[in-house]
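In what follows, a structure is listed as structure tokens, so that the remarks can point back to it.
Going in written order, the chains are labelled A, B, C and D, and every chain counts its residues from 1.
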Amino acid sequence: MGGNTFGHLFKLTTFGESHGSAIGGVIDGCPSGLKIDFDFIQQQLDRRKPGQSKITTQRKESDTVEFLSGIFEGVTTGTPIGFIIKNDNQKSIDYEQIKDKFRPSHADYTYWAKYGIRDYRGGGRSSARETACRVVGGAIAQLLLNMFSISVNAFVTQIGGISSDKHYSTLDFNSIYKNEVRCADAEMMDKFKSLIESTRKDGDTIGGKICCVIKNVPSGLGSPVFDKLEADLAKAMFSINASRGVEFGSGFLGSTQRGSEQNDEMFIGNGKIRTKTNNSGGILGGISNGEDIYFNTAFKPVATIMKKQTTVDVNFNEVEITGKGRHDSCVLPRAVPVVVAMASIVIADHILLNKTSKLKSIV
Amino acid sequence: MGGNTFGHLFKLTTFGESHGSAIGGVIDGCPSGLKIDFDFIQQQLDRRKPGQSKITTQRKESDTVEFLSGIFEGVTTGTPIGFIIKNDNQKSIDYEQIKDKFRPSHADYTYWAKYGIRDYRGGGRSSARETACRVVGGAIAQLLLNMFSISVNAFVTQIGGISSDKHYSTLDFNSIYKNEVRCADAEMMDKFKSLIESTRKDGDTIGGKICCVIKNVPSGLGSPVFDKLEADLAKAMFSINASRGVEFGSGFLGSTQRGSEQNDEMFIGNGKIRTKTNNSGGILGGISNGEDIYFNTAFKPVATIMKKQTTVDVNFNEVEITGKGRHDSCVLPRAVPVVVAMASIVIADHILLNKTSKLKSIV
Amino acid sequence: MGGNTFGHLFKLTTFGESHGSAIGGVIDGCPSGLKIDFDFIQQQLDRRKPGQSKITTQRKESDTVEFLSGIFEGVTTGTPIGFIIKNDNQKSIDYEQIKDKFRPSHADYTYWAKYGIRDYRGGGRSSARETACRVVGGAIAQLLLNMFSISVNAFVTQIGGISSDKHYSTLDFNSIYKNEVRCADAEMMDKFKSLIESTRKDGDTIGGKICCVIKNVPSGLGSPVFDKLEADLAKAMFSINASRGVEFGSGFLGSTQRGSEQNDEMFIGNGKIRTKTNNSGGILGGISNGEDIYFNTAFKPVATIMKKQTTVDVNFNEVEITGKGRHDSCVLPRAVPVVVAMASIVIADHILLNKTSKLKSIV
Amino acid sequence: MGGNTFGHLFKLTTFGESHGSAIGGVIDGCPSGLKIDFDFIQQQLDRRKPGQSKITTQRKESDTVEFLSGIFEGVTTGTPIGFIIKNDNQKSIDYEQIKDKFRPSHADYTYWAKYGIRDYRGGGRSSARETACRVVGGAIAQLLLNMFSISVNAFVTQIGGISSDKHYSTLDFNSIYKNEVRCADAEMMDKFKSLIESTRKDGDTIGGKICCVIKNVPSGLGSPVFDKLEADLAKAMFSINASRGVEFGSGFLGSTQRGSEQNDEMFIGNGKIRTKTNNSGGILGGISNGEDIYFNTAFKPVATIMKKQTTVDVNFNEVEITGKGRHDSCVLPRAVPVVVAMASIVIADHILLNKTSKLKSIV
């Protein structure tokens, strides 16, 4: 109940603080016989790691994953997959000055309130560094989804007040990791990048939005009532640092509509049951209907800014604080692979869960 | 893993179909010694039940809850609280015509795809009737939250394209159940109601938005990483039928902002650590900070419309379908108590979870 | 965490007190498409219910199960199966005298210590009456196991100091429910019955042992390490009232042996991997090996005796108490169907769990 | 659901194979503020590690635990405690000869049947080496139990056909780790040791029994019905390699008795509710009553013997096999700290679970 495990059957447990010796995790419930593509996993990690480009933090971490168990001769054995990622760059000295201060809109105060103690170095457990472990779990989930030809893509669609309004079907997902912003709309890449850079020059940070599209999901995934597919996906998204909103299909816009606008009429296409539109975002009653699943996640701006702010310390004094050191001025580019990872884990998990829903598929 | 249980320590399991003999549930993990106010519970159910006003479905259900266990001489005993709500009004004949047709934007097809069989009467398990059981569980959670002086309120803030933009602090929560729309903004009540009525006359339905405000939550609730307080609340909201979007604090709007706008500076107020603004919505790093928790949930319009639509049947024929019978043209008014119930369960659950976070509070 | 749910994927939640209006439960995770044989389920309940014969309690309960959900036109739909069993015979007046006294070796004091309140009528939640709900869940599990030709049988092998030492392979399982003791050894039936009757005449009670044999379990069931098949079976057995010991295969006797005596050598029989002996009881490393699973469960004598005993009351006075009313003098005959039920749930659960262990069986 | 996690609130997840680079684990749910005595933890590991004495395997492993997270300045922070233990001695060459053979009464065949693949080196995941991680988790649980003055002791009471019949109250628990057998009965130490040594000289192995005594457990621990305290303890014991039987209190012997012999009469002693005898082993109705909890666990002899045995290989040929290399001839001495560890985890877990059972203890 410590809240460090995610998933029903395909389960990821993570551990580790930003400035401890290592972070790591355990994947339990991955079926045996899955061939592990280590290069693919490292590629996913590289997409998240700091110091990749001018618009991300300059903290250097190699983010090299070391697998300790569960894989034998390159194939999963069905036993738990333990892994660690060493923390190369533990500049704890940076953090002495904030040891006793609670940074505004960070988790410093809330961890202290909950536990009475906190590893203040780099945010400790609340650091987004933890998400590297999710990328490892997600990469293995993706390898599993590959067996079902399911693809999971995510990309930035909004930075601050600027947004890309093209429908995802018109975008080239292959372009996502070819630009530093991780955007799939060629027209917006430079605009997004410029906005991030100008914000950084101001010593400020900026929020934005990521869209995730999951294709080729079979119908039938998701449990009714509480473990609805969108409920599990939303939980996954809201578990990512700085996320503040999630919407599926037509989402908030759809809430302004009438049923006659929103409803997705059905037809038979190539012998399959299909919908003419997909305002529902591929999920009805908590269960996938075979159409694309897509959803947006909104991220608030990074809390650490290079401007003076008023805050308090552990002794209940009001004090001033100014951000220092190496920080992202926009979390979106590095959050993209985390969104993919978490979404992949949810879909992989529900693929497994759905294997026992019908008697005729188990006898 | 059937997905019919919600919660970590305070757990609600529900069962039952729209047109079976009864629906019901089990609340496990409620502490002993809680005095049960049966009138309060029934009042919550009455707020959700059909047939309350002109703008809700005319289906008649008494929605009387019958407790079978776990309560002795009016007080919880710590053992599971089992309850049932009988289905009075099982007009199954209404549903024969849709037995083989999949209604657009309903869960008919997805349940069939998942299970190969479905109780087609009134949507079966996918019917919002199931939410009555959540209201029972939520009412008991509210009684528990009363012990901590925590209040949970929800109210409609948008119907279709019309919305109430007043800050919640200016609203009178006591007015919520005094108007049929369950809105707290006196200026908007009639407008919302008119829009619902005119939509119904068109044989159409309409979506909207509900805001939920939770006051007096102590700091420290929520588990870091995966079971963040907002992650569990979001899962709760997305488990409610027809919900399509959730945002906490400044939410999607906050994603357009800079850190210097979004950040909540801190101060000492009455000897307590406070924030000057509350863009974060009372949760930082997944843990409550003592400020008000507030979030919006977007609901799509009801899928059943009184207009002709194209769809398919179980034999893969394309057919036409037109809604008949007693249906809500707007789900929002009746969803309000369900939002309150689910939010209350999450907070009660995390109150219990947090009891073991510090050694000094358990020795 | 209230501890009223059992199972990983095939989950049974029970509720209800001995003298409330009803007991009941929810089975979640049963695959859709399973044909329900209601007569079979009732037959299992009849085997457990009180008042069946002279050697069981004379309390009369019809123990009729009423299914409320999850079954449509006689077939499971994949949604939760809710059910209740009404308590016909609520002679609460019987219990007024023990309202404030803690009966020796009963759960009266421990519930009071844990919860500070207890429904003292008939033992409340701690009454073995709760096991009727397990029999319902177990009967549905058995119907599922029938699809895999797996059989689960249990029978009394010891009453007090008398035991049946024949190997189970020499016994006729069809005879079990043809004698009141539920023994499969024709030579011992009368001896067991006589011992129970003479004990009852003395106002005393007596313990014993039940053997359970599960045939045709495929190899591969059980999760390594913590959820070993025997660990889950043992937990199931120790969750039954009055059980005090469990042993698998050669069990305690095997602990006196050498490896050369205990080891089960392997051979190929009819093209299958087999063992020559089965001291292991069909489970190795927590996983079934395809041989018969068999284990013994020891039950202590019923705590309620018709003799004067010294005890204490809620006011910490030492008092005397003498059992009154209708009680079993030996719990074994009625525990047999409960052992079968719980074992069936564990095997059904692991059948489902095992469906996702190998990639090649899910793609 | 991979079965590699144990516990409800205090949760241990383990990973790792005998001959991988490391084994390890994650403890989630340990309260913050617990001072970690690293020497104590290492001492527990040293008690389990191989190569300690003549009567245990000569395989050399330093079994040094390395903590990676969750502890800051020597104190737990409430975040997950990740740890690894490197495998020093990976003589994989030893195992090439058994790569394709299934060793009798080992888990070789069952893992293969379940997963279709196995890390055959040293038993892989099924190796008792995994229990080192339990000892780490158990040691931290013990540190937590120390805060409540609860002690957990275990000791060998039987080797093969020889047993120590003294009541545990007459034994000196301080002597347990002063003798190689981990026995607390001075008269039996040499006899046990001699039997183990003579068995080893025969190239054979031998089983035995361990008693565990838990003192000063408060009344009220354990959840009714399915998560009874003895059910969780039994599951813990049966999850340990080679265990085949568990009995609580008077156990199997008690099943031969009458209620008048078995029942524990109650009295008031020093103002507390006590029982005159303790045949129940400190647990009634699944809940602790404040008396000593004690139980026996039977272990079968180690499966690897230095004698020729008949078995089969992966190609379904019947073959012969003879044990080679470094193996324990009796697992009991090294199983003692594992029994202590698992029992400690269960009690710590239920201490936490019980913190929310009563409303008055949480408001």
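We adopt the following convention: contacts are C-beta pairs under 8 Å (C-beta built on N, C-alpha and C of every residue); 3 or more make two chains touch, one makes a residue touch a chain.
Bear in mind the structure is a predicted one, so any value in this text is a computation, not a measurement.
Between the chain pairs A-B and A-D, more C-beta pairs are in contact across A-B.
The rotation relating chain C to chain D, fitted on Cα atoms, amounts to 180°, rounded to the nearest 5. Because chain B and chain C share one sequence, their contact can be compared position by position; here over half of the interface residue numbers appear on both sides. For the pair chain A and chain B, the distance between C-alpha centroids works out to 26 Å. Between the Cα centres of chain A and chain D there is a gap of 39 Å.
With touch defined as above, residues shared between interfaces to two or more other chains in chain D number as follows: 1-5, 8-9, 14, 29, 32-33, 78-79, 114-116, 125, 224, 356-358, 360. Remark: chain B residues 1, 9, 29, 31-34, 76, 78-79, 144, 147-148, 224, 351-352, 355-363 touch chain D in the complex.
The part of chain C that touches chain D in the complex is made up of residues 1-6, 8-9, 14, 102, 104-107, 109-111, 113-116, 125-126, 130, 158, 160-161, 199, 202, 204-209, 219-228, 230-232, 234-239, 241, 244-252, 254-268, 271, 273, 275-276, 279-281, 283-290, 298-305, 307, 309-312, 316-318, 353-354, 356-358, 360.
By the touch rule above, chain D contacts chain A in their complex via residues 1-5, 8-9, 11, 13-17, 20-24, 26, 28-30, 32-33, 66, 68-70, 72, 75, 77-82, 84, 114-119, 124-125.
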